[in-house]
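Paired with chain B in one complex and with chain C in the other, chain A is shared by the two complexes that follow.
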Partner chain A sequence: MQRYLNKLRWASLWAVFAMLVILPLVSVYQVYVASHGYRLLSPLSKRFYDVMYFFTSPFTDDPANSLDVIKGTTWSGSFFGLKISDPLAAIGQVAASLDPHWPFLVTALIPIVFTIIFGRFFCGWICPATLLYELNSNVAIWLQKIGLPTGNLHFNRRLKYGVLALGLVLSAISGSVLVANIYPPAIVGRELYYVTALGGFGTGTIFFILTLLFDILVARRGFCRYLCPGGAVYSLLGRYRLFRIKRTVKTCNDCAKCNAVCEFALDPMRDDFGQECNNCSACIAVCPTQALTFTTSIRDIPYQGPGHLGHEFNKSGQDDLPGQVA
Partner chain B sequence: MLAWPEWLSDPVEKENSTGALCSGTISSLVMKRRHFLYAALGGTVTVLTALSSVPGAAWAARRVATYRTRFLRPPGALAEDDFLSRCIRCGQCSEVCPNNCIKYFGLEKGVSSMGTPYITPREQACILCMKCGDACPTGALKPIQRTRKDILENVRMGHAHVDENLCLSFQGKTCGVCARACPMGTVSIKVGFLEQPHVQAGCIGCGLCERSCIQLPQAIRIIPNYS
Partner chain C sequence: MRLYRSFVLLLLLCTVWCVPVYAHHVIGRPAYSWNEDSNTPPSMQVDIQMGDYFITYMVFPAFPKPNEPGRINLYAKRIDNDKPFQGKVSFTVRDDSWFNKREERIGVQTVDDNVFRQRFLFRQPGAYIITATFEDRGVPYIIDFPLQIGPPSRIGVIGALVGIMVAVLIAVNVYRRRHLLGEKVRHAAHDRKKA
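Moving on, here comes the complex of A and B:
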């Protein structure tokens, strides 16, 4: 069953992305109708408005207003009246003002609790930039197939903690929440809103396109792996997450497909997930023997040795004793 | 009357030169930070002045100058320094704005203002619906009740100023459009002979008068209040 989680994840990513486009569109259209008057619309426009009203009326008190239940972006928004913010927004705001504003910090509590339980699930399942970055990875693979050079450098993963620290220090010096301008989900949410409701992309688009180019030309999925300040926060919070992926050594055949699909360049085949794993479940979906499953544990299992269905294990003539190190 | 009116000079520039952006309950750390910023700003200005003898740099400096527009923060905004440190650039104030008057800075005001909301009253002025304050998650825009008392007490976006050389009513033609556009009534603007507007101390700077002024360029405009 768990192998279908990856499909569910893609659905979730597309749904979040679609929401970020559709909600401003609906909002703009409702304001347009409210300001022009329903009676003055042409019959076709009236029909169009009725259809939209049919779908949106459960979620709004007043058709003249925009949707009430879901507002904002993944950076900060409200969901059925509950205000939810990114933990990085809370941290960045504290760093910039040096004066915690508690009503705002409380809004980051729900994501923090979820991250402590599920790890970097935001990065894999919700982040609107992840969708674009994963599609971008596919583009990089196509470019590779037609023979164009793409970058696949590896840096130290701890670089992103440096980016986080630098961003916070610069925020504190300048007195302005600068991390908001280098955090892709915040940028994507904002820019999608600008382009749908305010009539044009903003400056953040340039930065985002640069990160896409960085991913293609320098390091595959490089921004999320090595630079993202929000990813650093989620990694730290999700270090002792409750839900994590585990390899069953008895059914593993060492095919290394999991390593090939892992967007974060982890090593599931050798039980190396760490705090970087975003629980995206792509490795579960690709595993031919269903050796990878979600489990509840606050620590990874140390390396269990080669998989018992693998060529290397059989060659060494070992019994199927778990815990053997080759 | 031929002298350059004082209000026409850029308020941002004026406040930078006096160094009095805001005062009062600011910690000493923030003060230091601001001095650092002023030093950086002063250095930048010196370098730009030195470079302006070069033709290309002069062109660039003029471009920069054209982008230094007058802008209002949405109603209920904190003092500029506090506002920048509170605002997380989430874009929700514009999303709830029924009047579509809130826009966002790109790099016109530098990286520190990128993504922060502003209003250009001549294009679309604030109708004081006070929804942005409720939507703001961080309190960069204070939540304010939509009552006359609360608005008069808490909203200080700026102060209107009438240019008597441009205003039709001061040229002998009765107009009074700005006074009728004002949502606050006589505490903010009073009309006298020929409906000549006189801005009162209660002006909150929503900009509806500037938006409605029939003169081109507008005879009444809001001098923003960033403190």
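Moving on, here comes the complex of A and C:
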């Protein structure tokens, strides 16, 4: 059953992305309806109005007021009346204003609780930028295959905590939530709104394209792993997450497919998940012996040695290896 | 009959004593009609808050075309006491293109019934930026507004770039979907050997 979680995750990522496209369209339609300005619309806008009317009229007679169940982006919004904000938005607000606005801070509680339980799940399951970054990773693999150079440099994973700290300090100095300008999910949400509702991209698009190029030319998923300020927040909150992936050493055959598919270049084959793992379950889906499963524990299991179905385990005397059950 | 006369007299007195009033739009600005000379014509409207002022900018018609006259209405009122700005506002225009610095002055307008009205006529379609500038108590106010003449171009430079990138992302992922996993595993093995 857990093998299909990765498919569910892809469905979730596409659904969130689709939501970020559809919501601005609904918002524009609501404005048109509320302003009673159909005759003033351009021909293209009239066609858009008609299409939206076709899809929404079976559900509501009052689109201007009754299509508000989901609003906003993953940065901050309301979901069936529940106001939810990214923890980075809450921290950024405190830093920029130096005055906590409690009603807003409370909206970050649900994501914080979920992160404490499921770890950096936002990055793997919800972040709209992740969808594009993962598609981009596959493009990098294809470019490598056709002989074009791609980058696979490694940096210190703690770099992103420095980016977070610097972003917050600059936010405090400037009085503006500057971290939102370099936070890919906030940028994607904002730019999709700009292009859908306002008819053009903003400068955030340029920044986001640069992050895609950074991932291809410098480091695989480099922005998420080394620079994302939100990733830093989620990693810290999810350090002692309750749900984590564990390897069953008895059924592991050391094929290393889990390491190959891990977008964050972790080492599941050596039980190295740490606080970076976003529980995306790609390693579970690819494991041919079902040696990787979700478990409940607040710490990773220390390295258990090579898999018992692997060559290394069978070649050795089977006496000195850690994790071996006599 | 007496009652009727008294009623007519009362009506006449009311007519004499009534204070002249002006029709106002619901958002507080005077409005007399719905044509292009109205202060609140059916138009594209932008509201912004800047410094001490709340500024409303309207363009008539909502979708101006080349070689057809149009008008910008600008209304600025102080946030603290709601008093409309009574000085002069200058309007300039420039092409909304990258690295373009060339500006052309359209005119300087004095207030007319609390509204600054600037007529325009563009020969070429395109995306323009109108800049309205005024000064109050030594503080300069410079406000940029977009103005689209004619139909907007369907795609810009960034749009084209994004379109290409999205096409590549989707095409590679769809076309290579059966091979990507194998290639990932092979590349990872190759990288491991190199390390």
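Going forward, the second predicted complex is superposed on the first by the 285 of 326 C-alpha atoms of A that agree within 3 Å, B and C clash if a C-alpha of one lies under 4 Å from a C-alpha of the other, contacts with A are read in each partner's own complex, and residues count from 1 in each chain.
Heads up, the rule we're going with is that a contact is a pair of C-beta atoms (placed from the backbone, for glycine too) under 8 Å apart; a residue touches a chain by one contact, two chains touch by 3 or more.
Just so it is clear, the structure is predicted and the values come from calculations on it, not from any experiment.
**Student:** Putting chain B and chain C on the same copy of chain A, do they fit or clash?
**Tutor:** Overlaying the two structures gives a clash between chain B and chain C.
**Student:** Could you say whether A:257 touches chain B, chain C, both of them, or neither, answering first, second, both or neither?
**Tutor:** second
**Student:** Can A:135 be said to touch chain B (first), chain C (second), both, or neither?
**Tutor:** In the superposition, A:135 contacts chain C only.
**Student:** Which partner does A:42 contact after superposing on A: first (chain B), second (chain C), both, neither?
**Tutor:** After superposition on chain A, A:42 lies in contact with chain C alone.
**Student:** On chain A, which partner's contacts cover more residues, chain B's or chain C's?
**Tutor:** B
**Student:** Of the partners chain B and chain C, which touch A:248 in the superposed model: first, second, both, neither?
**Tutor:** A:248 sits against neither chain B nor chain C.
**Student:** Counting only touches as set out at the top, which of chain B and chain C does A:73 meet: first, second, both, neither?
**Tutor:** First partner only.
**Student:** After lining up the shared chain so the two structures overlap, which partner does A:31 touch, if you call chain B first and chain C second: first, second, both or neither?
**Tutor:** A:31: touches chain B, not chain C.
**Student:** Would you indicate which of the stretches 1-9, 91-99 or 109-117 belonging to chain C has clashing C-alpha atoms with chain B?
**Tutor:** The listed stretch with clashing C-alpha atoms is 109-117.
**Student:** Touching chain B in one complex and chain C in the other: list those residues of chain A.
**Tutor:** none
**Student:** Quick one: in the complex, what on chain B touches chain A?
**Tutor:** Interface residues on the chain B side: 27, 29-30, 33-34, 36-37, 81-82, 84-92, 94-96, 98, 100, 103-104, 106-107, 111-115, 135, 137-139.
**Student:** For the complex, which residues does chain C have touching chain A?
**Tutor:** 42, 62-63, 151-152, 156, 158-159, 161-162, 165, 168-170, 172-173, 176, 180-181, 183-185, 187-189, 191-192
**Student:** Which positions of chain A touch chain C when the two form their complex?
**Tutor:** Residues 37, 40, 42, 132, 135-136, 138-139, 141-142, 144-145, 152, 195, 199-201, 205-206, 209, 212, 256-257, 259-261, 286.
**Student:** Would you mind writing out the residues of chain A in touch with chain B in their complex?
**Tutor:** 24, 27, 31, 34, 64-66, 71-73, 75-78, 83, 85, 89, 92-93, 96-99, 101, 103-104, 107, 173-178, 180-181, 186, 189-190, 193-194, 197-198, 202-204
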